[in-house]
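Note that chain A is present in both complexes that follow, paired respectively with chain B and with chain C.
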Partner chain A sequence: MAAVVLSKVGKKYPNGFHAIPAVDLDIKDGEFIVLVGPSGCGKSTLLRMVAGLETITNGELSINGTRMNDREPADRDIAMVFQSYALYPHMTVAGNMGYGLKNRGVDKESIEKKVNEVAKMLDLTHLLERKPKQLSGGQRQRVAMGRAMVRDPQVFLFDEPLSNLDAKLRVQMRVEIRQLQRKLGTTTLYVTHDQVEAMTLADRLVVLNQGHAEQIGSPLELYERPATPFVAAFIGSPAMNLFSATLDSNNLILGENESVLLKTQHEFNGPVTWGIRPEHLVVCEQDADFKMRVKAVESLGAETLIYGAIDGVNQDLVLRLSGPHQPEINSEIGLKAPQDKWHLFDANTQQRLP
Partner chain B sequence: MTVTFPHKTLPWLLVAPQLLVTLVFFLWPAGQAIEQAFYQEDAFGLSREFVAFENFIELLQDPYYYNSIGVTLVFSMAVAVSGLSIALVLATMADRIIRGQMVYQTLLIWPYAVAPALAGVLWWILFDPAQGPIALWLEYMGIEWDHFVNGGDAMVLVVIAATWKQISYNFLFFLAGLQAIPRSLIEAAAIDGAGPVRRFWDIVFPLLSPTAFFLLVMNIVYAFFETFGVIDATTAGGPGQSTKILVYKVYEDGFVGLDLGGSAAQSVILMMIVGLMTVVQFRFIERRVQY
Partner chain C sequence: MIENRPWLTFISHSVLILGIIAVALPIWVAIVASTHPAEAFGQGSVPLWFGNYATETWQTVLFSAAGNGVDVPVWKMMFNSLVMAIAIAFGKIAISLISAYAIVFFRFPFRSLCFWLIFMTLMLPVEVRILPTYEVVAKLNLLNSYTGLALPLIASATATFLFRQAFMAMPGELVEAARMDGAGPVRFFFDILLPLTRTNIAALFVILFIYGWNQYLWPLLITTDDAYYTLVMSIKRMVSVADGAIEWNSIMATTILAMLPPVAVVIGMQKMFVKGLVDSEK
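Up next is the complex of A and B:
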């Protein structure tokens, strides 16, 4: 078990491209950290830098207090689960799982014992003599995890391990990974682009955008107080409604021609990004803040998503209601946006307003 | 998916050119050779006599023939082993190069475009005992070299010439095989604590084994049957019998020695060897090398 500390860790490619400027991250012993962000944000690169598969061009990485920058992957005491699983196709499941121990000079009996122990935990015992080709996607995934577990590493690294599985299996494996990690208590760094996966797995989330850590915090912190419009839009599904607006003498002005005015108390004056989550809008017959014209309805049974727009405002809006609803297309729904659910960001600095 | 033609004749017309080539340049001469193998013909082709298996019996009692088999085995093994291993080393290195990979690869593929006879002559000149730069360098190093006299030297020379030409071919296949191995496998092995050498023998080499086996068969076939040009342009089978491989002996006995029956009998045996190698490749070993 180990703490992992990244201080100003960055990556600059020889062609001058600064993929990751500098990331600071303090991972506590046993913590489950998820790196999340859109594709190309540098999350996999960061993970591979921790693994030692990419060189760290600036900053310092330490695991358990020891500087790791120049150590070989094998000497960092980490284990990694790859997106493609990267199982050795010519070895059996047992061979795959035991390979790391074999290379470290562990004797045959101990390897067998350890492999059997882990196989039992992952329900792989009956598959030990098979080749990866003879396994289903979920089983391969499990073997990949088993291979990581047999060595009892200090840190687990997961690189989008569930993205090759079908939706149902993904949910199942998600739960399983979480349970295993809790049970083993191993510090874990997990990369995904799926925000649901990120929210459900993480102790703390790191939202990456173009190599910057936009915000680091617990899933609920990020949901309730996103630091930037990027985080606001990225966390939560469907995404938060974000509007360009202006704060001016106690009014929030939306749209052109001052078509929508919301009363508020705020010290800030100037252009802002105003956000409200689809689930926080309240339907009301009277005293509505604004009216939404319905464009499309998605009925999911347990909840209904209603897409529409405010007349005079050039952006679409999503409303999420629990239970089934059937509003007419083009009808108008009165909505209230409770002030305590607002998210306001300075449009220039992209930072959250207090 | 199958495509069906409404015509009966069109499919035949479409395959006709290929069939014609096979008939004229393969089946017909092969048939002739088989027939010839059972006859004895005088040197001028004026008369011939059916002798049944006499040509074969004579051949199998000829010590020179066994010598030729031995020479062929040594030659083909040497060509296959050195060709495969050098190509594998080159491919492994080319796979690691990031800048200028295209240049490196192109240069390595060039020798394949050189005609066998030219490849032979090229090395013949380089190793010429009187003026060849390599021979002179060997002499300077205190190694005596004369492939005109020394059968061993001659063998080394034809092996080098034949291998040099075949390396390009092997290199291409090995490189493609290496590039087909997912990077993540190598990375996983690195995290699993395997150093570069270990990774190569534990991961890369087993995954290359189907390619390696295919190339082994192709190289043996090449050494057996396609090195005539190399031999003819350099040692012409000499000195003595020391580089006279089976194919060269067929040519020499038939067209120089004018023993058409004996030469034909040798051809028939060669044909059987080819058939056997094909069967071995497809039926026997190919299945086992799969992972």
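Up next is the complex of A and C:
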């Protein structure tokens, strides 16, 4: 088991494109870290740099205190699960799982013992003699994980491993991966673009945006105190309501003609981004902060999502209520935004205001 | 045909049968002719049924001497042809695999230049470069040898190109997975690449074996010793006798024997051949 330290790790392509400027990340032994971000944010590149499949052009990567920048992937004592699983199609499941050990000169009996042990853990024992072609998607996924596990690596790397599975299997495998990682206690780096996957798996999340680590923290930290509007919008589903607003002498002004004025206590004056999560808005008949005109309703049974807009503010708003509700389209709902649930960001620096 | 019309079935069958007759008749005639004495064919008639000379002809052809002008038995020439065809097929496959491997998976200076140079040799088949190649082979003392027969024909741009395409279709993550599993270049080649291109290799083997077997000009040029004559060129030798009657019976027997190995290879490897050209398990 190992600690992984990335200090100012960056990637610059020969054509001058700076895919990742500099990422600092201190992964503790046994931690489950999820790299999350929209496509093209550099999360896969970062993972592949840790794996050694992409060169690190600046900064330093160390695993267990040893500098790894120039080591071959096979010499870094890591194992990777690929998005397409990348199983060797001509080898049996047992062959696939044992191949890495075979290349390391481990003797046959030890390989067999280890493969059987891991196969038992992953419930693959009855499939050991099959070829990958004869397996279902979920089984292939398990074999790919088994191939990573037999080697007892210091670090697991996962590159969007669940994106090829159907929704039901994905949830099942997600739980399974989490349990396995807890049981083995192996340091893990996991890449995904799915924020639900990220929230449920991670000990700590790294939200990446255009190669920058926007925020690093536990899922709840990121949910409760997002550092930037980007993180605020990315974490949570449905996404946080974000409005351009102005703070002026203890008033939060929304929209044109000062259509909404909210009283607050804040030293800051100037343009801000104001955010409130759909689940934190409170419906009230009297003393409403503002009124929302209903545009669409999505009833999911356990909860209801109501889409609408505030008159005079040309940005849409989502409200999330538990249980079934049937508001009329075009009717008005009075809403209160409790101050302790506000998120305020400086519109210029994009940083959270205290 | 989806419709079930009797006359349509009749016509399509007759066309097929006619086609089969057109293809099979010469072979039939060849078989029949090999069972008649040499004069039977020379008199202008084409016998369509077996004669009673079969054992004599086939015995001479196979074991003593093929016919006038050629004093070696057919089995010896067959062996020569086989050695040449197999050496060419395996040589071409081995060299093309290695060069395609280098071109696709390694980054070295002038990589694409190398590829285009190989590709350009497509424009230089043996027939074009036959004199300089002959000179080189002669200077290397390779006239009248199996090496001389096979070596100059081994370099192959077509096969290199085919393997290059097959390698480039290999999923990148598979290559990376092998790298993570600690497979070095040699291991990767033998453990992953070779098994995955198995069907391509088989398909190519069929084509190249026939190519090697049917070589005519090159063996004609560099062999002057009976011991290295190949079957295909000997048939021509047997036909062009200056004086005396042409021994059609021996020629026909030899021709049929010359047809057998390519046919056997095609039939035997048909399944893999089609698979190699059509699908891949990647």
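By our rule, the second predicted complex is superposed on the first by the 354 of 354 C-alpha atoms of A that agree within 3 Å, B and C clash if a C-alpha of one lies under 4 Å from a C-alpha of the other, contacts with A are read in each partner's own complex, and residues count from 1 in each chain.
Everything that follows uses one rule, which is that a residue touches a chain if its C-beta (ideal position, glycine included) is under 8 Å from a C-beta of that chain, and two chains touch if they have at least 3 such contacts.
Nothing here was measured: the structure is a model prediction, and the numbers come from that model.
In this overlay on chain A, chain B clashes with chain C. By the document's definition of touching, both partners, chain B and chain C, reach A:73. In the superposition on chain A, chain A positions 51, 53, 72-74, 78-80, 82-84, 86, 88-90, 99-100, 103-104, 147 are in contact with chain B in one complex as well as with chain C in the other. For chain B in complex with chain A, the residues that touch the partner chain are 182, 184-185, 187-195, 198, 202-203, 206-207, 291. By the touch criterion stated above, chain A contacts chain C in their complex at residues 51, 53, 72-74, 78-80, 82-84, 86-90, 99-100, 103-104, 133, 147.
Across the complex, chain B is touched by residues 51-53, 72-74, 78-80, 82-84, 86, 88-90, 99-100, 103-104, 131, 147 of chain A. Of all the residues in chain C, the ones that touch chain A in their complex are 171, 173-174, 176-184, 187, 191-192, 195-196, 198, 281-282.
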